[in-house]
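Below: a set of structures, written as structure tokens.
Presented sequentially are two complexes of subunit A, the first with subunit B as partner and the second with subunit C.
After this line comes the complex of A and B, so read on.
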């Protein structure tokens, strides 16, 4: 048992998951600390509100509002759960978009633009095709594919300029984001898609249900009554699995990853590197577009069309989703749900306390910050093994080497140079689970020396 | 023409100073993608400083007495506050990328996410809305330089130069130009500047000559943070009426483009910033630009959609980058964490 645990511990995937969990915990702790500081320094808030804010920050998903006495109540909340799945749908897809690009060595910060283009084309198709003559299910499929294609084409642009003109894709993505924001506003400005039926809604596009097009619920509304959940989440999960198959099980996926690892080596090996860069950005863009399509085809979402000054946050939040999942397509499903949970948490905090939903954004940002050096966190986990290996080496070399030889084992708590420098304040190695018995013996040996 | 030049300067100066911020970071070897975030944060700090000091009533007497020297001092203090906190904020980036050898692109993105979240969180708590404004009055009445300050009457003419570069301008603009010049000289003509640049080109060689690469990279990023924070506040002061909304409309990224277009060299950057400032100015006020003063608003009358004008700065950026990217020469070691063991 110990042996198996130890093996599990040493797998890289385990460390990745643990590093992500540590990032999440620290992120939420920082959120808690900010609530604490703000609450304590602000006379109108006070300790009671701090406690409420912190409880909501961690358990907001299970919040069921306040009881008659004014205290917070917690329990299974089907509306929150369903909404979480609903909001996770586009996040999973933009997360996949960023993740695919990451796997191929590109940083797709253009997801917001691709998402916007997907939104525009989806809405135009879903509202523009007359539902009197075309079955709504067919319109749904056309609109979904159209949105995906629009996102893919928009994603091609940074890919093309990266591949052929060697422009940094981050910069190209950012420019295409803003061009998309202006273009979409331009496309809808003065169009018939604006909601002119309901009062004060002319800033919004019609819901697709206006044309009778909406995503099937697939019975999920029975499980989570009153929530916005629909079949889109199932589509998103299926797409995630498809992406996983594409990236891990096909030649194309291998070629894409090879280009990401070393573009020049890949070209040397006969892989068309330029084609693959464009292709991977197109796939990434298509995924973002699909996310937008699923979100707006749900039939109960409205698009604010005059968006030339803002980019959709869902696009940017694909970045933390992908980072937290370490670009693993299956992991993205879970981290997407986690991010949308934070969204729900923020909403609960706004509704129930004097704090506001931006605390969730702060938590997300801290998590991204930490995932920038998740390698370091992973390295902290690897200490134990490294140290053990070193001790074994030292012992094998010369058991009784006198002063000089014992320098190695004696310095064991601070093993190799780099980790000691990077995170000397790490947890003491004794806390590590999964100690193999052999390791303990050598550990003692080290202490004796 | 006067209007066009003034408006262009309003956009060009923050772009220029923030692009220089990018130069300092990248020349020391750190990709500072967080310029946007630091600008947002600096804008917030500056506006918050103005807001708090106004609430405390420190400059009320000066305002009442029209003591514009004191008010300009107030403006400079707010700029310093923004610069200082921008530098502090950028420490997050240097810590991650120098000490922890993290991925600088992701670290910068994190700061870009963190800044608006933090800023909006606090603005919502302080002001109970999504915008933090000055406590009293507006930016023009408090901080703008006017011809009356120099003894000119309401109907007196200042001449072309006077009315373009003195009347209705902000002192902040000229401070930024001064800082830009001083820091460019620092980067090119001093020992410190040479050492900083060497760390972005070949840190191993620099280290072998006894230069502390970590310190230099910290210095570069910190100067970068200070400049970006100040630029953010100047942007908020001059174009957004001294209000902070947790957004600078992609200016930080535009500054990155200016930096790349300017080939990481201050003089080219100044030129690039003016070009982009011009397009940004056209996008913002195409309807009121009267180029030759004959009362014809040409840009509004040729019938091109305003959406096109708004898109223009970004399209131009892409096109310009497409033409210049082959020639562009980024600092060789930028984005690569310095590892002492790697020689």
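After this line comes the complex of A and C, so read on.
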């Protein structure tokens, strides 16, 4: 019995992974089509460029440039690999941020704002604490924690507004995003953190390495020489594992999920629903803030401080990262890497072919867009399986009318079995064979919530 | 609207209908013959296949085998539109109305009369008004559906069928949401329809109503047709045995109550209403003692729900006090109140369960913080699983995959059983049970009643809120009647009559404010 159950569960998990993979493939295929169309219609490109573009779209990560004869070469490229991991670091964390919120029934579209607040506080601490008196490792830790805390506090705002005033968190998140963008610009405007040494860089804040603060490489630079990789990716992976443990193993995670799944029932059970909503958003915000801290503490990244008109794409990209991973914290590590790989791919296409960076961006956008369809594809899987089972049943029953006597009791198990398959999608609820009133009330309950 | 085809005795025949879903045969070779001008009841437990059969007739499902005949002619019904064209109309259990449309708009929706693409509402209004008058179906044509009572919404659904000149009317559990008075009106209307030659299929699992209104009864059990009988040749006991497949005790068997010391004392409690200015609960005082079942009776919406919210802490009370086991809990947090109180909530989907959680997760909803299930902030999965398995076995909660079944996929009866198991097993001094048997079938009701009586006999105090007169009369040791937020009388079920209770419920009679017999 138990074995069968675990198999069933695995089946669902496999379905999720498979759906994500299929949607990635579809996205890349459509990306290829765009490369083809652009290549064939643009006189400076042509069939040869199309073929190169497509190969790069799929294998850009392993591109090693061109050989003497001008052909593309592929192989292990430590720079690409290392850069992918480096860029994946903040994406994994914003992805986790969105995923945690999703799991607790909230849509954290405020990751960009939380990320910005994390950035600002991290940079101020990392650059503001004098490295002559304080060991740089300690500054790093303080700045990291400070950035995380700033993100958490910023995330609290929509959480509080949602919990106490019942205002939709999406609205509050969008507003806090722009407040953060302006606030951060204001904080840095006229401050000493601006890079005034290098004239051309007056729009930027100093790298943290200016104060001697940078993330330890942890030997990763040996594996991926010349790349930007550092220990941040290890921290990100550890955090992902911690989030997974929190959400699926602890009573706190249970409470958070309970509030997200049914706030009324959580309240009924004596769970502090308001506290938990705020806490979910704080954790989500903290993760975004931590992502910003890891990115800017690397020591080789610069922050464009006059950001009041733009929000960081890394914050928004947390949404597809989380969606593609079906909000699974461990999955987020992989989808985060996938997204940063696309970045590398775009870079390779721009560098090695006549496709310009805008085309590369469009292709990436298309891939990301279609990747987010994984849920639809998963539904399609379930639907097809159900359909097939139904047909098989029908075929099996038709000839043997006389068997019914023996087949009856076995074939009519608990009514609960039937609706379990479709998980609420598809047919009108009252038509379920199981328990019509139950199923319908479900829908009503949902509306009310 | 009589057809010109030859008059057959049976207006609709469903012959050897078989409908399967993966893993379950919802309808197994069912034959149902509806005579012209009769009220034909379809009786069965939850999951017996009643709704599926009606969905087949209404064109929502295609059967794998069998055929449908109207007036002896085989017909194919592929969609509800086909069904409407054949004069078949259906009042669904949960109404299919557009909340923000007016009553009139809802009635004509899908059958609008138009001229050059513009709606001709005047004519429609005249026809609806005429129908409404003729059958005494009072509705406010210009009110929005979201603003009218459930009873009126049902009348709108009925008018929808009449407006379409349907001659075969299907009522899917029409009384589940109505007050006793509304039920009576509905019964009268149904009889009137039958007298005029309309044919009615009436789905229910309430035996009283079936005995009262129907001419014949077809009983389904686990997807099979058990038989069709004339209502006058049978009785409630026989029908319930057919439905459940074993002899069922319709009467609650319980001994004398031996009330002990007070457990719950409510005095002067007021709870504000969310919908209107007046208090939903006004100055309510009563006591529940060990070893007794006290029932709050009343018509739905007279403050019973709010009273329970005030006691359990789901809603803040505005005045008065609640004392539980000697502690004043008037302003205590829900969790704190839960230490001496378990609560079977009115709305099992809103409050009782987290539908997307598994059964085992739901079974420890209040208890997950207890040391037996938690260690250093981590959930002890093994202990939870064991506990869930014990409850499932002990309380016979049936589900597809045992402890890891997602609650949403369980049948309503088993969802309720899971809640009952959880709440009773918490073993608290006071059990607050709000409509614990709502929407359940006879077998499950019998079971839940037994459990509550057993708890009483163990010395627990039980506060029961029920809208079912029968349940009130048979289960309680004392009855408090609520009317418009106040307790208007206390009755002894052994001496009081249903009529008397009804008078109190309707507000026509009231005695003391405070039950002095307490």
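Going forward, the second predicted complex is superposed on the first by the 350 of 449 C-alpha atoms of A that agree within 3 Å, B and C clash if a C-alpha of one lies under 4 Å from a C-alpha of the other, contacts with A are read in each partner's own complex, and residues count from 1 in each chain.
As a working rule, a contact is a pair of C-beta atoms (placed from the backbone, for glycine too) under 8 Å apart; a residue touches a chain by one contact, two chains touch by 3 or more.
Just so it is clear, the model here is predicted, and its values are computed rather than measured.
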Based on the superposed arrangement, let me know which partner A:131 touches: subunit B (first), subunit C (second), both, or neither? neither
First (subunit B), second (subunit C), both or neither touched by A:364: first
Of the two partner chains, subunit B (first) and subunit C (second), which one does A:309 touch, if any: first, second, both, or neither? first
If you stack the two complexes on chain A, which partner ends up touching A:266: first (subunit B), second (subunit C), both, or neither? second
Is A:251 in contact with subunit B, with subunit C, with both, or with neither (first, second, both, neither)? second
I'd like to know which partner A:38 touches here: subunit B for first, subunit C for second, both or neither. first
Applying the touch criterion given at the start, work out whether A:14 contacts subunit B, subunit C, both or neither, answering first, second, both or neither. neither
Where does A:109 make contact in the superposed view: on subunit B (first), on subunit C (second), on both, or on neither? first
Larger residue footprint on subunit A, choosing between subunit B and subunit C, goes to C
After overlaying the two complexes on chain A, where does the subunit B footprint on subunit A coincide with the subunit C footprint? 417-418
Counting only contacts in the complex, subunit C reaches subunit A at residues 18-26, 28-29, 46-47, 49-52, 55, 60-61, 64-65, 92-94, 172-173, 176, 222-224, 312, 314, 333-338, 343, 345, 347-357, 361, 365-366, 368-369, 374, 377-379, 398-402, 404-406, 408-415, 439
In their shared complex, subunit B is touched by residues of subunit A numbered 34, 38, 42, 107, 109, 161, 165-168, 170-172, 174-179, 182-183, 185-186, 189, 308-310, 316, 319-320, 323, 354-356, 358-359, 361-362, 364-366, 368-369, 371-373, 375-376, 417-418, 422
Footprint of subunit C on subunit A - complex, ascending: 1, 5, 8-9, 249-252, 254-255, 257-258, 261-262, 264-272, 386, 389-390, 393-394, 397-398, 404, 408, 411-421, 423-424, 427-428, 430-438, 440-445, 448-449
Can you name the residues of subunit B that touch subunit A in the complex? 33, 92, 96, 99-107, 109-111, 113-114, 116-118, 120-122, 124-125, 247, 249-250, 253, 256-257, 260, 305, 307-308, 310-311, 314-315, 317-318, 321-322, 325-326, 339, 341
